[in-house]
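So that you can tell them apart, the chains are marked A, B and C in the order they are listed, and the count of residues begins at 1 in each.
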């Protein structure tokens, strides 16, 4: 009677349904956890009224959202306006299809009921390709709203995502060289079985530089703070979200959170050994827990970043992407290719990567220290007390440093 | 499916691209029609590669993809710079050698 | 009718319909969306033909990067330029183009049906055949082996081409 469960298609459909349900639940509770954690970091309480510790807050929010009026502006292009949030969510959900959530149930024997929907030969490219379609939801939504703020938000988003996608892909290619495969399961196995004795490493040890670039580009790719320029409230009145309300607005939020989960899942799979944890993954079922803990850690990192860093300025965003991250990613590819081609051990690559990260941080630090000590004018540097921190005046126009005149500075 | 079936789809797509270049006046849409032609050729490359059981056809698709990317980058930059100076991008109006 | 045939006909009709959409929609954004659909259908065609890597690269590069650039420029210019094109100065061109297009399709189809079949000696066999390499090495590996063994030089030349294109775009995009 249960013979139909041996069909691979039936198994894939059921697993997809479970994963989608889990992702939507995770989205609902991520909103609550994010509000609580950010509140804690800012010395507030956060939502704690609905149920114990506020755990029914997502339900209350969902009910509120469902009963809100869904406004369709008269100047909008209706069909695309309605379709755009759906594109965002569908694309975000599709990307999760190749993520290995856990080990095979029995030993190393693959079966159709393993906790991964589909292990395809080009797994990581599938994630990159599908998530590169995510920008359409935002661009089309912003354009179809018929509002200048929305259009500006969508243009920013398109430029930002195209710019950071290059660094993101290049940062991952170092790991792929070590793994020698594009399949997500293959990458986890490569980390488990690394070395002649099969002791295994996590690729973060060989790829610290790649990991740092990937995380920065990943935050930019999902439009989270400090790179949330497409939806900047202060400048663009929420950008592409301006004209959206009710359920359509929450669809966009859902897509953003699911993309965050995907970025975290890729980070833990490619750099932190996926579902493996020093042999614990051999106990059936524990591998899924290990994976969830790793993903949760990265999600916490996203929230932490949002609570800590102010939004970056747009020209700086572009400069960071093209002038710092992209050359560093290319450098990482060159170093990794050399090490892998010559058959050197992994720690050479790791040390080189760490040295570059430390060098860049020191460079940034030394430049900011110089800037904070005072204002340099033509007559010399005006010293400032240590408690005063000044923004540097950036070159604008034809490359002239614009510093305030002495009489303009109020003491 | 026989090879000729794929080749005919490819021929139809190519023709649609050609007609698009001939009848439209918006350079962006002319550009898209050119992309359509490139893709039609790609389809026949992949179909022939499958039928000959050799990877060479797929290589050409890969090269066409990179060439298309380069072409689009330069072409769109030209269109944007024309729009900046003339505030109009109808191809019938682009008949002057000076800006 | 088998599943392969059914999917072929559905894909053929869908891709031709969306391609016609590209050249008939008045609004350039709708044309771009239609082209994106065509590209995704073509990716499904490639999947059907067993070229999985090319199908994913098609989505990643064409649909994910090139068309985003298109959409970027179209939405940026469409907000300032008028939605519809100016009055056509050579209206008869449409009819002539349509008739010539039909002639082209007819001629190509005629040649395809009556021309000589592909020389079967050109078909790769044994260890050289794509099916064999895919079966032993995997799809991506087969592609990589072919690319870096037979096509290393063209591959390097395309990288040069991309550098030139980047430089060209920077020169054109600079504030004049």
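Here is the rule we go by: a contact is a pair of C-beta atoms (placed from the backbone, for glycine too) under 8 Å apart; a residue touches a chain by one contact, two chains touch by 3 or more.
Because the structure is a prediction, the values reported are computed rather than measured.
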| item | value |
| --- | --- |
| Top-ranked pair of chains - ranking by C-beta pairs in contact | B-C |
| Chain nearest the global centroid, as defined over all protein CA atoms shown | A |
| Rounded Å distance, chain A centre to chain C centre (Cα mean) | 30 |
| Euclidean distance of C-alpha centroids - chain B vs chain C, Å | 7 |
| Chain B, residues touching no fewer than two other chains | none |
| Residues of chain C touching at least two other chains | 53, 57, 65, 69, 76 |
| Contacts with two or more other chains, residues of chain A listed in rising order | none |
| Contact footprint of chain B on chain C as seen in their complex | 4-5, 8, 12, 15-16, 19-20, 22-23, 28, 31-32, 35, 38-39, 42, 45-46, 49-51, 53-54, 57-58, 61-62, 65-66, 69-70, 73-74, 76-77, 80-81, 85-86, 88-89, 93-94, 96-98, 100-102, 104-105, 108-109, 112-113, 118, 122-125, 128-131, 133, 142-143, 145-147, 150-151, 154-155, 158, 161-162, 164-166, 168-169, 172-173, 176 |
| Parts of chain A lying in touch with chain C, wherever the complex brings them together | 80, 120-122, 125-126, 128-130, 132-133, 135-136, 139-140, 142-143, 148, 151, 154-155, 158-159, 161-162, 165, 181-182 |
| Sites on chain B touched by chain C in the complex | 1, 3-9, 11-20, 22-26, 28-29, 31-33, 35-36, 39, 42-43, 46-56, 58-59, 61-63, 65-74, 76-81, 83-85, 87-90, 92 |
| Touch list for chain C against partner chain A, complex | 29, 33, 36, 52-53, 56-57, 59-60, 63-65, 68-69, 71-72, 75-76, 78-79, 138-140 |
